[in-house]
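Before anything else, here's the structure in question.
In this document, chain identifiers A, B and C correspond to the written order of the chains, with residue numbering beginning at 1 in each.
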Amino acid sequence: MQELTLPKLGQAMEEGLVLEWHCDVGDELTAGDPVVVIESEKTSHEIEADQDGRLLAKRVDAGDTVPIGTTLGYVGTDDEADDLPDDSAAETDAGAAEPSDADASPADRQTASDSSGDVDREQIGTETRDDGPAPETIRASPSARKAARVHDVDVTAVGQAVGVAQVRPEHVDEYVAAQETDSGEEIRGSPAARRIADERGVDLEAVGEDRGTTRVRMADVEQYADQQPASIPATDERIDDEATAAADPSPSVRETVSITGGRQVMFDRMQTVSSEYGSTTTVAKVDVTELRSLLDSLGSSWEAYHDVSPSLTAFVLRAVAQELPAYPMLNAEIVDDDGTDAFVRQFEDINLGLAVDTDHGLLVPTIYDADTQSVTELGDTVSDLARQARERDLEMEQQQNGTFTVSNAGTFGAYINTPQINPPQTGILGVCTVNEEPGVVDGEVVPREMMHLCLTYDHRVVEGATAVQFLQAVKRRLEDPQSLLS
Amino acid sequence: MSQQLDAETETTTQTIRESLNQALHEELERDERVLLYGEDVAEYGGLYKISEGLYEEFGEERVFDTPLAETSLGGTAVGAALAGARPVVEIMYADFLPIAGDHLINYAAKMYFNYGDETSVPMVVRSMYGTGDGHGLHHGQSPEAWFMNVPGLKVVMPSTPREYKGLLKGAIRDDDPVIFLENKMRYGESGPVPDEEYTISLCESDVKREGTDATIVAIGGMVYEALEAAERLSEQGIECEIVDPRTISPLDTGPILESVEKTNILVTAQEAPTFGGFGSEVAAQVIDDAFFYLDAPVKRVGAPFTPIPFAENLEEAYQPTADDIESAVIDAIET
Amino acid sequence: MVHETINHTELLEDLLLTRRFEEKVLEVYQDRGIRELPHSSLGQEAVGVGACYPLEDDDLLAPSLRTRAAMLLRTPVEEIVAGMYGTESGPSSGRTTEHHMGSSEYGILGTTGMIGSHLNPAVGAALGNRTLDNDRVTVVFFGDGASQRGEFHSALNFATVQELPVVFVIENNQWTEAMSIDKLVDVDDLADLAGHGLPTEIVDGQDVEAMVEATAEAADRARSGDGPTLLEAKTYRYRPHAETMPEHRDEATLEAWKDRDPVEMYIDRLLERDQITEAEIESIDEQLQTTIDDAFDMAESDELPDEETLYHVYKDTEIDHWKGVAK
C-alpha cells in the first residue's frame, strides 16, 4: 500500500496546498498515474501512484493547505483496503465498496457530514488539522491551563488548532511555536544578522523560514548561507558538504547565476505572464521574397543599415504600426490591481517596444509614435535604441510607455519562436528567421524566402479572430512591401 | 591598548589600600606642589587608613585635616589648583560629593574653558562608593553617572591594585579635574603591583579578559564580579571578553567597539541604578558606532531604581553581582 | 596719614576710569545693546579701586561680578569690552562673559554665576600660594548677598584655621538683588556675621583713601603670615541689581548716598588739599573718555569667535566633543 504524503519541495517549505486530486476514491490506478497535485510557494508537484490498484482513501481535500509529511491519502489493492490505518476503516467501505459515494459532489459530502453521525472520511483529515474538536469537548490539564496563562492563549483554541480534546502543556508549546512562526509575526534580523545577510547575499526571511524563527541571529544567517552556495534559491536543496557530495547523485553545480538587473526584470515579467495571463500564439508564414529584393535594390541608400536584419525589422515595425490602430485590443494594457474590476485601457498612441538582447539581459526600449515614422526613420530609431541598450545608456523613459512589443528572434535563427507578452500589454509579435523554401507562384514551384511571424496575445481580452486578422493584415503588408515605403 | 603586565616586570602582591597609600606617598615625595587634605586624612590616617603615615612623613603643610565642610574641600581644591598647586582632597563618601557639587560641576569643570590662558584645574577628589556593608542609603552610592554628564570633569573608577596605584598617580599628574572613585568594599583585594615607578594614563580602556562570545563592559568593583561570571560562563562554553574602561569620562570607546565587533553581544555592569547610567551611555555609543555588529539586545546590569536599602536581605537583592552578569550574558545569547 | 603716601593722580585716574566706564556701559546698553547684561557698580567704585591700590602686581584678585574696578585695573579696557560683546578679543575668546573671567596672566581668579561660590576657591588659591611658598596675597570681593551663604562661613573658617593670606572684602551696597539687606540679616554690620576668630574692620566704602588704608593693613597682615582679615566696606549701588530689573528705591536715601558720591568726595578733597587742579582733572577725564570710546569702537567691530573656540574643555585629553568620548 502506498501512503501519499506531502513532500518537502524546498528548504523553505513547511506546508503545501493540495491543488487537485486527479481521481476519486475507488478509481482504478496504474503505477505512474498522477494521483494528486500539490503546490508550495515556489513550485507544484504531481504525486504518482507507485503501484497498480485503487485510490483507497483521501485524507485531505483539494484546496486545503497542510504541513509537510501530512498523509494525503492511500493507494493500494482492494485487499489492502482493510489494512488502512485507523479512522479510515469506514472510508474504505464507503470509498472502495461504494464508488458512487465517491462521485458525490463536495456539496453532497458536506451535507452528509452535517446531517448525520456517519462522518465522511474525506472530511476527517482536514477537520482534525484545521477545525479540531468542537469547543465544548476540549478539556485541559491544570499544567496546560497554567502554560496557557503564561503564554496568554486560550486552551480551547489550542485544542482546536492542535486537534486534541485533552490539551496538555506540550500542545500549548506547539500552538505558541506555530503562532510565532505562522501567524504572520514578521521575521526580523538582529543588526548583525542583517549585515551578514547583506554581505553574503541571502534573504533574511528565507533564513527565518528555514531556521523556523522570527528572530534571525547572525549564526542563523551564517549557517543558512553556508549551506547555500549562493544567493539563488534554485540550488536550495544542494548539499555543499564535500564529504556527502560524492554520495549525492544530484548534478554537481557549475556556477550559480544571480537574477539581477535585466534578468530580474525578465524573471518577474515572465513569472507574471505565466501565472496570470491567458497567452495564446497564432503563427503566420510570410513570403518576404519581394521584401528582400526590395531591400537589395535599395542597396547603397541603406548603407547606414548594412545589417539586413534591422532593416527588415524596420519594415515589420512599419507594418505593425500601420495596422495596429485598426486592432485597439492589441494596442492596450490590462489594468488589474487586485483581480476585481479589471479593465482594458486602449491607447491612441502607437508606442512599439522592441525587445533587444544584451549582455546584461533582455531590454525593451520604446519607439514612441511609431505610426508616424517612415521605414527609414524607424530604421534609424532601431539602430540608435539598440546601441543605447547595449551600452546601458537608456533613460528610464525610453523603457516605458510601450503599447505593443515586437521581438526579433530571427536574428538568432529561430524558425518558429513564440514570444511572451510584455505585461501589462496584450500582445507581442515575434519575428523569426528568413528561410529559402519551395513556394508556389502562378502554379509553379519556385524558391521563395519565407519567414514566420508569431503573435502571442492575451486570450482573456483579445479574441482569436481579432488576433488572426491583425496578423494576416501585417502579413499582407509585408508581402506588398512597396506599400510600406509610402 | 591593553596594558597587560609585562612578564618581566617585577611585582609585589599588595592590597588596593597599600597601593593607594604608596601612590600618594610617591606623588607627595615627587612633587612639592602636591597636597593631601580632607576629613580625618592626617592624624587618623584616613577613615579606611588609605593615608596612614603620610601626615607624619610630610607634615601639616602638605597633609592636613580640615573642617567638616565638603564645600570648602571642593572649593579650596579648585582655588589651589588654579593657583598652581596639585591638591588631592578626600571627600569621605561619594554620597557627600553633591555637597561639593557646585565646585565640581560649576567651577572645576569649567575653569579651563573659562580662562583664556591655558590655566586648568589639576585637582583630584578621592571619594568612596560601594555597597554590601550595611551602610545604607547615604554611604555607598556609586556616583559616576551624576558627573558623567559634566563636560570638563574626568571620572576614574579603577578595579585592581595595580590600576588603583597607576591611575591615582596618573590622575595627580593630569592637568584636568579628576573625580577618583574608590570602592570601599574592595580595599582589601590584592593583586600584583609593579615594583618599579609607573603611572597609568587616564582615558584608556583596558581588556581584562579576552573572549569571543560576549563583551562585558564592567566598571570599578563590578570588574571582579564580571571576572567571576566569565569563569562560570566559560565552564558552560561561553567565552566572555571583559573591557574595563577605568576612566568613565571621557570614555575611551575604542576597545569596547572593537570587542563588540568581535563578539556581537554587549552586556554592561555597574553598581549604580541601571536607568540613566554608565551602561546606558555605553549602549548608546555602541548602537551609534557598531549597530550592525550587534546580534542581540544590549543587556545592562545594575541596581534597581531605588535608594540603597539597609536591611540585609534588601541590600542583597539590590546589589548587582556575578549572578546577574551571568544571567544577562545568557539572556543576550539566547534572546 | 596714608594719603601722604598715595599717588593721588593715579588713584583718581583709577576711580574716574571706573566711573566713566560704568557710565559708558549704561549709555551703550540703552542705545546700542551689548550681549552681557550690565550689573552696574555705579556708586560703589571706591571699594574696588581703593582695595586694589595698595596691592602688589602679582597679588591675586577674586572679584565679584560687580567689582568692575578690579577687572579694569588689571585687564586692558578693550578686552573687558570685547568680553561684554562676546567677541574673539574678549576673555577666553568669547567662551565666557567678562563677569566671570579668569586670568593667571592678570592675576584674576575666575568665578561662576553662583554668588559667593568663589569664596572657597579664593581661600584655596591662598592655600595654593602657601604651598608654592610665595608671598602672594589673595583679595576676594563679594557682596552682602554672598555673606548670607554657607560658603561665607566655611571659607572664613577654613582660611582662619589654616591662617591663610586672604583679605575678604564685603562690598555691602545695601541691596541683595532687589531686596534690601535689612530684611535679610538681623545685624547692623555684616562684619558681625563673621565670627570664626578672624579680625574684622568696618570701612567707609565711599572714601577711597579709607579703603586704601584698610586694605593695605589687611594685606600686610596676610603677607606676614598672620592670616585673614574681613573688611566690610559700607557703600551703595545707584543702579538696580541688573539693568533689566529696576527695584523700588527710597529717593531720599538714594540722594543721601549721592551726597557722599565717592568720586566727587575724592575730587573735592584733592582740590581742597591742592593736590590737583580742575584743569588736570579735565585732562585726565578727556584722556580716559578717549580710551574708553576707542575700546568700545574696537569691540563693536571685533570678529565673533571661530567655532573651534568651543572645543576647549580638557587640557590633557583630546576628545570628540560631539560624542563626548576620548579620541
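Everything below uses one rule, namely that a contact is a pair of C-beta atoms (placed from the backbone, for glycine too) under 8 Å apart; a residue touches a chain by one contact, two chains touch by 3 or more.
The chain lineup, named per UniProt: A = 2-oxo acid dehydrogenase subunit E2; B = Alpha-ketoacid dehydrogenase subunit beta.
Not measured: the values here are computed from a predicted model.
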item	value
Arrangement of touching chains [line / ring / star / complete / other]	line
Chain occupying the middle, per Cα centroid	B
Where subunit A and subunit B are represented by their mean Cα positions, the distance between them in whole Å	65
Inter-centroid spacing, subunit C versus subunit A (mean Cα positions, whole Å)	89
Gap in Å, rounded to a whole number, between the CA centres of subunit C and subunit B	40
Multi-partner residues of subunit B (each touching 2 or more other chains)	none
Subunit B residues within the subunit C interface of the complex	32-33, 35, 61-62, 64, 66-67, 69, 71-72, 74-85, 87, 102-103, 106-107, 110-120, 151-152, 154, 174-176, 202-204, 247, 249-253, 285, 288
Contact set on subunit B toward subunit A in their complex	264, 291-296, 335
Residue ranges of subunit A in contact with subunit B within the complex	190-195, 215, 217-219
Residues of subunit C that touch subunit B when the two form their complex	60, 91-93, 95-96, 100-105, 109-110, 112-114, 117, 119-132, 136, 150-151, 154-155, 157-158, 161-162, 312-317, 319, 321, 323-326
